[in-house]
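The structure follows.
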């Protein structure tokens, strides 16, 4: 127990300092807001990278683990129910924390088109970062839930205030759907608390192991309750991910939210669903997961094909990307359903990689919209002429989206499919059709935007400026890095994944 | 041996006596004061009285349970805790009233303050008695005072109408309670709850049980009315809307808290023997659960349609009554401590509802309307007010890191621990529905443009009230341990067992 | 040491790519070309060195951890790979050089060179990889480069559409390949080709699985190599700049499918069905594409169909156990087809980007040198000795014959006839007679002529690499495998037959298009329907459009409706239910105290009856 | 003579009172009907005092209190009604419906 | 059940009480209704007498038949309708009220007759006003004191609410 164990807390709460600083800045000084907004994300980024570099790749369990009793609920007999504040990092959370800090910083940089009420905007953005990092850094389900809810509330405001035309409706829908999801999570959490008396990840895992070990001896209600909890968790994260048919909230959010928020939303918030599936689905309920693996695989299949087919017929660029997210989340389900090392690694890779890719693409679309004032595919075209840098990066983004080898999207897709092929080759084969559809919609988006004859009104558009292209290049670099040298991302998660896989196998 | 009042240690009555004395004093002082003198001093006097009573309540802590005259008055940890909540709530209401410039109320300002005190007295009696007549008189004292308080703005038609509805429906509910009590009395021949308990234990399982049901359900009508839970909630929106806001707060907070204590006390003492025959689980728990579920559903769905903020808050408080009924409803099933969860939620509810109402009043007073639109662009006009309101809303909606979240979580635990998953499901689902209308405020405050760009000035007593409410909401949300440990250490059971000095009548 | 040197082969182009893409503003056109050519020349030199050294090179580094297995980046350069490296480097270098002439007026030549370099890198790596995953990775990368280069003139809608088509159609094949490697991983336990080979040869896999794997891999090859039924993209790909067509869509990338089948020949050999499939698909494609080529008027399209047809030949050879024959034809074809394309490119440039052969003519007189080298290419592809095509085609037909598939043999012969016919149709229409369209006034620049000449030399002489009696290539390729075990002796009449057929084809072409003694319109009039069918490429594109594209879109729109009305409707319904309950509650709240009391009374009755009636009735 | 008859009487009166509250248009009568309901409850108390399982005088005392309270309540009710009447100019209970929804 | 004087008295009184109530429901003029109810209250006083609750009977007459009825009459006088207003009660309201109350009544009667309370009735020995007073001032002194406050509240309230506007 040394001060270094407060590192996850430091990463999580540092942005709050920025919130405080912003509080004292005058309202009109937009430039100052921007400066501090961006600066405040940097310490977290720095600490996250520090953690990444100093991560003990051979260590089983949570590193930089810190646990403090927060409060206890007395009960009539026995030990009081104890709630901890505990944070720690392991192979599942570390990559996502790093992703979050990176995307957050870039989103802060990308917020240059937010022009009104910047003070509140950056405060919320920083609060959102705290929430997101907290979700991943928490080592206690209760704490996880709290951060989960914080992200929900903050995102509601970010969408509703700074979004596009239909923002209020989108914000409402976001709130209600996700509220429902967290309702399920709440249910599961309370039930787990009552069964196990603790919500620490470590306690949950060990007690779950005990219960599953002697399930035959226990009354049948226990098993029923476990199933109920498990299903509730699955639904909660299905809504977040989102899994068909819980996806309709996400489309509107993607279309209406301001660019940086979509970057974060698509880049990180959806990944909280994947993380939840990994941590609480596969990590906590391996036996149950095994039994519904087929179902998950089929849902994944539906997601992949449904999202892709719908993306093909969309007429608006952001909708294409939104549906493509659905399709790509299907790949995460594939990885989950496989329940083997390859597939689970695929899940994590897909979470990170899609986070980076969609952040990049939405940023690009946002920059484009600022210039063209439209995202309708039929109105666009030929932008490569006036905006070559934009087009080049967009090309890379689309290529990453469609899973081009050498870019991160391929590794994750490949691993997930590969994993599923071990257990459900037929489903995986049908799912492979998605690879074709992906190409179709991705190329359609690309070609309709940057290729073809240029419209007269776009002839004089400015290409990306440095503020825009540098963050994009960072994302591209990361996408390429993961694509070319996947172990840079995969190595830290190896031990944790092995542990999970061994639990599944055992 | 016949005991008389003077045989007892009357120091325990100190809080009530202070309030009685203050109420009387206020009335007299009003008569003596000139017309021109501001009646504010009367309010301050009332506030002082409440604070002194609070001190006495604080001093009362840590003693053995003590009863006077066959439990017609008793103090124990249960009653002290509730009394503290009531006094806290009333103090805030008084403080808020001091800064409230409602010209229509001013006509009868001193009466207003003394009636608040008598209402408080009724509420205090309700929480610290275990004898039916005293309880009933206390209830009526609270009710009658409330009727007048609601109608005190005589110049306003809606105020009078609200008072009318309240008096009619309140009296009907009193009749139901009384009718129910008559059967309870008929079966036991006594009005002392502990003796009733003994007789009920004898009756339990016999054919006379039918009368117990009848009695219980008749009283449920009255209880449901008092805590404004569906299907007996119908008065609440109209009355909350028609009454002056401080009165509304009093009704929503103090009156409801007292009613909860009243219900819990009667049901848990008189009907507890039914646990042995299984009737408790099958009838009493279920009736509470149904009422709770219905309240959640009705409160949260009807609130979706409301434009008037006070009316909306009324439905919200109906829904909250539903949540708060869950711990009593599910207590028969597990060894789950119902009181900490109930009391925790009550305190949380007090802070957040009171706070929300106060902010609504501030905003509405400025805009001249209680319509939701009054909140448009509040964030631009008064960011701090908007933020505070947001905080209350988050708490009401049960989102972290607020008192409402911990409270709801705690209640949910009792629902799930008792394996009534359906109830938990309804609770969660309706909570999600409630997000819509709670965030309706947020939509107005943040997403709309303000029509009136001027800042809203807030007087210092109001600041103090809001500050207290915010503080409560935050502290309960962030360091719940302090309160939970405190509540957990209290000897709640003492409220439901014979006091040491009890002889019985 | 050698391995490290070999690693440099793909490294040069990738460096060139990075330089060019990031320094595209800094480089002038000449510099860009120089960088590209220099890089490919370096690779060429190394490839040649590797080829000459002739020693198998292996190299391996761990790359990705999957559970307890490690996926490596592994390289194995055997005979086949050396040969491929050589082909790729030669053609690539020449095309780089040629491009400077062809593209010098384009503003984005830097980007063009960057793409070309990226392609060259990917192609090298594809060939060098000895790991299915890595092969797949570069397989995709070359596909993307092909896409980028086809769509290089992004502002042309045709180029855009062609690029998309190329990507999508090849992706269909890739999916087969993808499934195959996934299955292979779980059954062979690794992605390494050698491991797979070991498993296949030790008989650990069931025949069904082997067939499945082989077929799936072949699906990938079909897509890449433009075999029927996934051939449709290749002719469209001609929308790209001509050097690209020469490099990617004639010489190298499209041959990757053939290379893949050859590389995994052990797998196909183990499955008779797969061999049949390869042979028949190849044979069918050969004749199918050849017939289409008869009726096309776009110079590059004719060449494209010819490519498809020739690739079919290669597949036919491989399917008929003619491993060497297939690879040999790949080798010769790379040169003469690149030559033909570069020649065609020169023609196009001369005629200011006119591609319709009906508007050409008379170039023989004005550009004799070009004509000669183009003729060499035509003779080579037609299979006239001693041009290279003769030797390889002869071997293919021989192996088909020896394999006992007479039907395919006959098809091959007919296809050879068609090949000769349409190639010389092209030649005569372009070079013979008088100019019918734009005049060709300028000369062909030297940078363009040099590659043509070099390739011409290759087309003329490369056939001798495996000419009787030495069969150098056979010996070279059969090092370390037994793929050539089932060879027999050629009947003497076979080469004669082939040459005769080709000559007849040439003669007919001369009669129709050279001397114009016979008129084609008569033929068209006799079989108008057939002509229309062939002219419209058997309506395959249209068929696909109606059979796949439209239904997919239809499903998409249908699902969009489902998404909006069913899925969205469900959400709406839920919200509506909540609001409906609210509305009822609100209706009850009608303002009248008496109604309120009534509600309470009814609530009371329902509660007491509901909860206690059951107990009384018991 | 058993308590049942008295209980029945009080039930009848209570029900009639309730019905009156629910249906009578005149506001004063509504208040009056409430008094009837309270009276019915009182009959119960008094009857149980004599005939209950454990007869005791407490029922009388309860009734005494009830009557007191009922009187106060009636007075208040009338006062409120008069206050309301000043605004609405009618004593028809069904006209008091401006607050609703 | 034997027919004795007690029964007859009870019968007559019940009929009077119920009759008064029923008349109250059926009368159309408000004054008549009030008088009918006053009659019922009077009958109830009789019932109290029969139940050995003489003091209560007196109180009942004084307060109900006297005070409250007169209060109500005043109420009626003070709130005269200026014009006939159209009823805004929904037609289903009366029906539903009847059904609801009938069901309520049915439940009550069913339970009452299901399990008749049978016990040794008290003869009312010693139930004097004296004893009543003694218990009120000892055992029930707290509610008694509270009741005084309650009456005070009602007084103040009535004044505050009903006092005429000062112009």
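As written, the chains take the letters A, B, C, D and E, and residue 1 is the first residue of each chain.
Note that in this section contacts are C-beta pairs under 8 Å (C-beta built on N, C-alpha and C of every residue); 3 or more make two chains touch, one makes a residue touch a chain.
In UniProt terms, the chains line up like this: A = NADH-quinone oxidoreductase subunit M; B = NADH-quinone oxidoreductase subunit N; C = NADH-quinone oxidoreductase subunit L.
The structure presented is a predicted model; accordingly, all values stated were derived computationally and were not measured.
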Longest centre-to-centre distance from subunit C, chain (CA-based): E
Geometric centre: closest chain by C-alpha means: A
Two chains sharing the most contacts, counting C-beta pairs only: D-E
Separation of subunit A from subunit E, taking each centre as the mean of its C-alpha atoms, in whole Å: 69
Rounded Å distance between subunit C and subunit E, as computed from the means of their C-alpha atoms: 100
Distance from the mean Cα position of subunit D to that of subunit C, given in whole angstrom: 94
Chain centre separation (subunit B, subunit C; CA means) in Å: 78
Residue numbers of subunit B (touch at least two other chains): 133, 136-137, 140, 144, 147-148, 151, 154, 163-165, 168, 172, 186-187, 208, 210, 213-214, 237-238, 305, 433
Subunit C, residues touching no fewer than two other chains: 586, 589-595, 597-598, 601-602, 604, 608, 616
Interface hub residues of subunit D, defined as touching at least two other chains: 3, 14, 17-18, 21-23, 27, 30-31, 42, 47, 52-56, 58, 61, 65, 69, 72-73, 76, 80-81, 83, 86, 93-94, 96-101
Inter-chain touch pairs (all): A-B, A-C, B-C, B-D, B-E, C-D, C-E, D-E
Complex interface listing, subunit D residues touching subunit B: 3, 10, 14, 17-18, 21, 27, 30-31, 34, 37-38, 40-42, 44-45, 47-48, 52-56, 58-59, 61-62, 65-66, 69, 72-73, 76-77, 80-81, 83-84, 86-88, 93, 96, 98-101
Residue ranges of subunit B in contact with subunit A within the complex: 335-337, 340, 379, 394, 399-401, 405-406, 409-410, 412-413, 416-417, 419, 421, 424-425, 428-429, 431-433, 435-436, 439, 442-443, 446-447, 479-481, 484-485, 487-488
Interfacial residue positions of subunit A with respect to subunit B in the complex: 69-77, 80-81, 120, 145-146, 149-150, 152-153, 156-157, 160-161, 167-168, 171-172, 175-176, 179-180, 183-184, 186-187, 190-191, 193-194, 221, 225, 228
Subunit B residues within the subunit C interface of the complex: 164-165, 168-169, 172-173, 176, 210, 213-214, 217-218, 220-221, 224-225, 230-232, 234-235, 237-238, 279, 282-283, 286-287, 290-291, 294, 297-298, 300-305, 433
Of subunit C, residues touching subunit D in the complex: 586, 589-594, 597-598, 601
